[in-house]
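Across the two complexes that follow, chain A remains constant while its partner is chain B and subsequently chain C.
Then we have the complex of A and B:
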């Protein structure tokens, strides 16, 4: 399966009369977009606000971040099974507005939304301080039930992203990257001397408000399955979860999965990247056992030499991570894990909730418990009303002048456990 | 920076030059020259000036430092009278008003290592001054105290004294001057097991691919986080007669009275709360809520009995299936809470449960 990803670099955003791209600037017709966005009776109002890198802006509570894309040719649409009919995606041509991001903002669903700072010391921890952000600030109707609110917000973000993505349909990309993965037997034949490598992508599926969707299917209900790596670039996977902000795999991160990107970089040179295995992180022990058994079976069946495994969330999913690691190691395949750490504010406790001796090769994306200082910002998009009860916040953490002391985990994607960032941790 | 600040700094520097940094050194019976095993019982004492390895230590520390006194204690005495020895030694040290405390080094001497670790930690905690020691990596004192104090890594025996002392004095000076302490390898101490963030030049996924290629090729690679070891708590003996037992509920499900009076965090809890259920037959949603940030709260907000099963327990109490229910429950948030904090909570709240003659607890998690 071959996908041409046309990248259109967005260097600035502003409001204007027509929604379009001009010389690398994304122009948004505010009124038009707000009117388009407000079509769900569960949402009372939508306001679009812009945030650029370097501005004195704090965005909170952030729910999801989405890179606008459009399917130019090939089957399906962006976010198949959710924003359009179900159709296998990952081939043909897709355009992406690289450097732009749709950010959904609104009062909290369940403590688990986070903060993005566009400047200052804390900006360096989130990739979204470097994107030009179209913030979709939503107000739910009075008394809206939590799950309905989450769903309405999720769909609203995707809808706005696709609306904006549409402007890139007829634009000549600045760069075209071709990703190509052949059917298994052919792919193995193409580089017979290189080690066969797979990526085991654990989707957050702890349930209600901790969900991920694959072609519109709740990941709780999937059995481990195979995916061409390019499918994810067309939005086959979306985030529906409210897991702790720091290791939230936003929809943006699914579209731009760093493990897939970096395995492709070495594809045909140092390794043969043959497939992605999708699995889940359900809370019942029987589900954990079943899914990890199946992951190991698929790995053995395909004859993979090595795999990288990533998780989403911490605590409970650590058990899935360790089961996958152990069982895949037991079938003779080499395993490297990527995760983040939660050793307490003093950094002295165990960083993970579970451990197996087979987990002897692990990449750390940093520890989320250290307290960081968030300087005062000139402008708040959204509200700071919930900061003290958001994950990473605590009583008294919000100061009168609007500055905050909170655990790093309150920042969106700051310790994301798929290796997107450069943040790491070491033992002192 | 304006000139007044500069001037103040100069004055300060001048002062430090005039006033030496005062150091107290701790050694055991053997290094004090009192005697070997036969003298391991000697009680703590303190003598002005340097003794034994202190002479050399003073040389490495240099002119700006003065080892003002040396505390001595027998290893057996220390081990057998831990709290007594610690408080006696601290009282003796206090008089000298030291700025820095150095114990050992103990190399691979087990009891001496434990004593050095214990006294260094106590001095640091109680006198609030930097404390440091040195040991061989397999000394039992290392695992006991590495998280609390800096332990410089030494070789196995005292033959390494001339290498160990300069390393200890270098790190001690950095601590005394409040300089930034670098990584264990750079500054020569045994890893304390404290996880510290930094920015790597490569992103995590890229490093994972590198590590996987090495692992598949059979080349050497270094994991970024060696697997931790967990405490395993032995379950206590089974209850003999549950119909006569007093039961309490302890939960990590974040149930608190409406409004969360103790402001327990929704994640990474630093505290727990004790809440009355006296004369209540059920957990009413208008009285209780959950602040847990790790699960979907919707159902529990409607019915807090799902996490603190007061309704069922009251029925059982009435029917004589359990003896008695304690008139409170204890609650914290489990999600993201460090094992260090969890252990502290457990040690603390179990005292109260024992005092209240609770025979068994039901732990509910979410």
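Then we have the complex of A and C:
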């Protein structure tokens, strides 16, 4: 499956009369977009606000972040099975507005996550301080049930992203990157001497605010399956997860999965990037056993020499991570894990909630427990009302002047367990 | 039916008490539910759901629902290891910061999420063959 990803670089964003792109600037018609966005009866109001890199703006609480894309040619649409018909995606041509991001903002539950600072000391911990953000601040109708609001908010973000992505359809991209994965036997024939590497991508799948969707299917209901790596670039996977800001995999991160990106860079050079294996992180222990057994079965059947495994979340997903690690190791395949850690503020406690002896090769994405100071910002998009109840926040952490002392884990994607961040751990 | 729900979540108790056996300890905190689960495991129960479900940290939410099953009085070593790790992890978080005294609205939100996570399993459990 071959995908041409046309990257249109967005360097600035502003409101204007027409929604369009001019010389790298994304212009949004505010009223038109707000009227388009509000067409879900579950949403009482939608306000669009802009946040640019370097501005003194704090965005909270964040639900999801999505990169606007459009399917220019090839089967299917962006976010298949959710925003359009179900059809296998990942081939043809797709355009992406790189440097732009739709950020959904709004309370769903009282302990709503997470923060994005567009400038200051804490901006460096999130990639979204470097994107031009179209913030969709939403308010539900009175008394809306939490599951309904979560769904409405999730769909709203995707809808707005598609609306904006559409303007990229006929623009000549600044850069085109080609990603190509052939069917297994062809690809092995193409690079017979290179080690066969797979990527096991674990999807959060536990319940309300802890869900992920593959072609619109709740990941709680999937069995491990194969995915061409390019499918993810057309939005085959979307996020419904928003309870732990630091290691939340936003829809943006699914579209821009860094493990897939880096494996492609080395594909054909020192490794043969064969496939992605999707699996889930269900709470039911029987599901964990079943899924990890099947992951190992697929790995063995494909004859993979090595795999990289990433997870989403903390706690019981660490058990899935270790089950996958052990069972894949048992079939003779080398395993490397990528994950974040929670070793306490002094960094001395056990980092993960589970461990097996086979987990001897691990790349760390940093730890979420350290306290950082968030300087006061001139503008707040959303509200700081929930900061003290967010994960990483605590009573008294929000100061009168608007500054915050909180754990790093309050920042969106600060320690994201697929490595799309700038933190690591070193051994001495 | 061999399954039992151990919980301190009144929403779970209210919705499922007529369908499942429930050990409802309302006044208990998160850690105490884990201790109770450990007691039950040593009395011959085994875990059906992971005791650390959800991304909510042990010092953030106080609600915990766990599904166990009677194991014919054999000790299930996997359950023992799993509950001990969960207790160790919870104690680590609680050592650094206690669970805040949330207001009722936030407590209700935590109950809703905890119930949603356990519901996904309860809806399927009738298919589980011993």
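Convention: the second predicted complex is superposed on the first by the 421 of 428 C-alpha atoms of A that agree within 3 Å, B and C clash if a C-alpha of one lies under 4 Å from a C-alpha of the other, contacts with A are read in each partner's own complex, and residues count from 1 in each chain.
We adopt the following convention: a contact is a pair of C-beta atoms (placed from the backbone, for glycine too) under 8 Å apart; a residue touches a chain by one contact, two chains touch by 3 or more.
Because the structure is a prediction, the values reported are computed rather than measured.
Novice: With everything superposed onto chain A, say whether chain B and chain C fit together or clash.
Specialist: In the superposition, chain B runs into chain C.
Novice: Who does A:285 touch here: chain B (first), chain C (second), both, or neither?
Specialist: second
Novice: Touch test for A:359: chain B only (first), chain C only (second), both, or neither?
Specialist: Once the two structures are laid over each other on A, A:359 reaches chain B alone.
Novice: In the overlaid three-chain picture, which partner chain does A:402 touch, first (chain B) or second (chain C), both, or neither?
Specialist: Neither partner.
Novice: Is A:53 contacted by the first partner chain B, the second partner chain C, both or neither?
Specialist: Neither partner.
Novice: Let me test your reading of the model: by the given contact rule, A:426 touches which partner, first (chain B), second (chain C), both or neither?
Specialist: It touches chain B, and chain C stays clear.
Novice: If we overlay the two complexes on their shared chain A, which of chain B and chain C does A:88 touch? Say first, second, both or neither.
Specialist: Neither partner.
Novice: I'd like to know which partner A:207 touches here: chain B for first, chain C for second, both or neither.
Specialist: both
Novice: Taking the superposition as given, does A:334 touch the first partner, chain B, the second, chain C, both, or neither?
Specialist: first
Novice: Give one of first, second, both or neither to describe whether A:319 is in contact with chain B, with chain C, with both, or with none.
Specialist: A:319: touches chain C, not chain B.
Novice: For chain C, which of the listed stretches 3-11, 39-47 or 75-83 runs into chain B?
Specialist: 3-11
Novice: Under the contact rule defined above, give the chain A residues that sit at the interface with chain B and also at the interface with chain C.
Specialist: Correct list for chain A: 110-111, 146-147, 206-210, 244, 314-316, 342, 344-345, 349-350, 369, 388-389, 391, 394-395.
Novice: Residues of chain A touching chain B in their complex?
Specialist: Chain A reaches chain B through residues 110-112, 124, 145-147, 195, 197, 206-210, 244, 258-259, 261-263, 265-266, 270-271, 305-308, 314-316, 334-336, 338-339, 341-352, 355-357, 359-370, 388-395, 407-409, 418-428.
Novice: What residues on chain B touch chain A, complex-wise?
Specialist: Residues of chain B touching chain A: 147, 181, 183-184, 191-209, 211-213, 215-216, 221, 223-230, 263, 265-268, 270, 291, 293-298, 335-336, 338-341.
Novice: For a test of understanding, state which residues of chain A touch chain C in their complex under the given definition.
Specialist: Residues in contact with chain C: 109-111, 146-147, 204, 206-210, 220, 241, 243-244, 247, 282-286, 288, 313-316, 319, 342, 344-345, 349-350, 353-354, 369, 388-389, 391, 394-395.
Novice: What residues on chain C touch chain A, complex-wise?
Specialist: Answer in residue numbers: 47-57, 60-61, 82, 85-86, 88-89, 92-93, 95-97, 100, 102-103, 105-106, 108-110, 112-113, 116-121, 124, 128.
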